[in-house]
């Protein structure tokens, strides 16, 4: 059993970590950290709204009893050295301060974007780029840390990167044009998207999102070279929008490959893609990383987001595109708060545990 | 005053024609036609649900008194020869039977797709391809009709075609990749989209829509040659989806031009584009065919669909695309039941009236 | 094992019966019946849309393999005598014809309203009025049937009747004023509620609903007398509305009791109410018929509808009302397509099986 | 022309005041006041988000040019003595500090609840209780002010009070049971209701709302006695909920009258009710205070909220109630951000101007 801590434990992503780690066979939650305001309280008390007394818990699953009783420590005072792993679910500005302190002694898996673009920090998606974990050695040497920081991808990147991987491996993806229709939960709660603003509406812009997706995709699909990651040679262009959906990011993808690839071959490559996951027997891994559906009306966020516990990316409408060279197009659906957040981070932790990085 | 008839007058598009023609300075509604079931009733009676007695009227504007009192004739028995113009708002299968009969004596402007793809039937968007009206002469000769049939574009095509026109004229559009997020009203009411199916959801497929947009765009932007239309040499690829929005189709567009064109030049070309509309002084024409906004959060369907009475196409997020050669990308919003349906057809009728085709 | 048939098996409620009966310990589905159109096909084939080939399956759970392979027989030709029980999920007009034929030989549990108001047909809610099953003997005698027909309540009645029961038992409910905010699924799919009509909206009328709730509540809470049911002496008044919620009917209840009853006593009575269910050990019974919450922001349909598998009624905001004598008010939430439809009917069947009526 | 100021001018209600006062025949906006942060800027600048530069303007109508150019002064430093009237659109805690200062010299009409329940502060709804303005004399004497404070009712109270008035006048309303289904705009934007929380949902509690409605209704319908207001002798009980509607509060009302009153008489009393408004010729007054519809599917918020510019209360489903003595029930719809906010306050100002209080 690895003793793990959750930093930012009272926030939504922190709560999702608690659910994802409940009864986990390899990880035991040994510390919960949050802001000074929550420190010294039990987790159950810390969740209470000071004004109304209502418990602010946002997962569908109820909070486990063990969590409610645990004490919350201040994130700045967390003794990471007593832990085997820290899951960090804080905002980027706090991540920038806290995570390097923890990493001196302890591995950190972060959902924040603070270190995601630094050259010695990998963005690991199990099954897609397991080998990138090797970068952590370099990071340790570079920074003189016993631990390390590894970053989770943006919730809009992850589904697209997973679906591109088998195509890139076999056919060489050269360019990608993507339009996202993102769920409300991706915007969180502070401040989040007002009901007033999204009812009967589409919002055609999400600040910073397109740049993140473009940069991360190249890094995730890049190759290890000279101890670093050489970004994949793919041109990526996105328009990211918000729609009135609670969970599940839908994305339309148009892409070009170096070698000819018809829709049938693409469907086969995606459906069969495993990336070594089965062999690793990670507890949170989906049975299929990618589920390809031939019903043209799928995937739909409400019907398909929970496929394989929200850990599979569902693809549909796979067909030829007549604009790009060797063009293909499809629609994908990825669960932004399951594979795209805490559960995805726990899966990454399982990979690191299994491959000896913890 | 041109005496006009509306066929399919009791349906939603027919109702929108009545609103669009209320107090029209050039057109006077002289006949309303519908199915046999409605024939012989007053229009007001024909709108009543036989079971509940409720009036089935679906426009925001109330039904004008003159319309409620008018008799409804059976579409198959309408004497089109007494009319100067017929607006046809029936489904395609009925259009295929009825419209050629009317066209023997009388011009027909149809919102159905029945004849839209025939080579002597133009799809006219005033300001975009006024010259295509010349095809009507050929159609008359070909078919031996005194009248003619002209078709309105699909509601998903029209906004894109309008925004492509100024770019095509100045820079030569060579390819277009588009994702639509279409409103519920585009699916009509028979059967339409159930609330159950679209709540908290996106539906990634609209049967036949992508093919229509691809084919129509080339025809609309094509040139007159040897008395026919040579389709524009543009590769168009789309993914059409349905979102939980009442009115207003949002589309993300990525395109390539032959000549270099930066976002500033594109914005200028779009904003200034007039296509000769001002000079024609058509009563239903918007002041600006295209409104370009620089607020990155616009256009939004709820906020922008009624721009210039729903007759302007609103463009935002205009910027470079790094995937396509001389790439540009933007988001557009077009009101699918105003410019994209009856009001757009009335505008086309105005063009034909002004240019001597009626 | 009781061999059961499902009539109307291809419709939504029929599909829900298949899910509710999958792996049921007491009931085995031995026949599926539907319209002539589906007869002779396998159930899987019968679900396919003849035009698009898409499978029309509307439950969250996938269709069980055993069901897809079963043959569908025509409802009018179903040999009910070979079955121990028929679940009828057809519309009322068909129910009126089909159910009496089945009942000649076989018990019928119907979700239709066709026979719900006949004086020898009970509306049984397990835990609320188990004794009403005695009426079935009289029905058999009256009608000369070996079987019988028993009716499920309307989905808007059931949650209110369940919550009123413990209060009526202890304090004597004398009057009830209720406003419902009903989910879209309650309107079904033929034609159902259009997305266009309910987006950004409330519809303040559901035809026939208020009368049903008023009549059924009195019958369910009535007492057996002289072999019949004497309606409860309660004045009930409702306004039923439709809101943009997928599943789960929310109802605000204001009521008056004969004996004084404060909110605390009411909460206790509701929370502890069991109606003999535990002792009966029915497989589909919830652990608690009524779950009372003290968080004033609950119940909410999205958060609470699946409480105890959708079989519990969730009550919140229980407090004094200052208008009615001994007034109380609360908000309740009942899952209209679980307890309020097929799963509720299966629970009723379990009660009848356990108490010797099958 | 009365020179008026708007305090809280940059907030949503402040913006609605600007729209409501644009081209007003009697009032000219002479000062805009807001927080210290906005002071010294032009109004147009003050609306800009300091981070994104986007203009935060939330009305459907565009901001008038005169407003954008006006300087914004700090609310605490506003020289009210130079104004004939102050419209106050600040939150209650600020209202408590600022309004008494302005009232020393100048009449104040406030949308805040700060002084709404004080015994010398009237809540005036033109047409309902014009005579309550007499209380302002007493307030001036009591407090030694040249000006006064008058309060607008809560947006949930106003529609109900208007519809009760003609019934109370003719038949004597004795008790009222109301359930509200309130729009998102009623919760404002700070923090407002998240899309995540209201999608596919109903929230059964709005903190403090029920108490406000109950208290205000009695005050508004009360009579002047001994220079004060004697609350009406009506028992009022409410459950207030939030639904996924943008604008327009829907309320189901069940009521009892002292004298018998059938639905027809009630409809007549409501439809004909004028309260002296026509004679006063107030520019913002609706043609009909109450519009009664007999289509049982109305009122619906999306279809009916803008009736008479959002200034009429629309009533439907008027019928007998069988629970309360001389019981009646109906559904009403009131536009919470038109009659229920700034436009309603402007109407009240018009009444005060016409009757000599300004």
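Chains here go by letter, A, B, C and D, matching the order in which they are written, and residues are numbered from 1 within each.
Keep this in mind: contacts are C-beta pairs under 8 Å (C-beta built on N, C-alpha and C of every residue); 3 or more make two chains touch, one makes a residue touch a chain.
What you are looking at is a predicted structure, and each value in this text was computed from that prediction instead of being measured.
Of all the chains, the one whose CA centre sits at the greatest distance from that of subunit D is A. Just to note, of B-D and A-D, the chains joined by more C-beta pairs in contact are A-D. Taking each chain's centre as the mean of its C-alpha atoms, subunit A lies 42 Å from subunit B.
Between the Cα centres of subunit B and subunit D there is a gap of 42 Å.
We define each chain's centre as the mean of its Cα atoms; on that basis subunit A and subunit D are separated by 47 Å. Residues of subunit B in contact with at least two other chains: 199-200, 207, 244-246, 296-297.
Every residue of subunit B that touches subunit C in the complex is listed here, in rising order: 52, 184-185, 189, 191-200, 207, 244-246.
Within the complex formed with subunit C, the subunit D residues making contact are 175-177, 179, 181, 199-205, 207, 235-237, 239, 241, 243-246, 250, 252, 254, 296-303, 316-317, 321-324, 327, 329, 331.
Contact residues of subunit C toward subunit A in the complex are 54-55, 60, 199-200, 295-297, 303.
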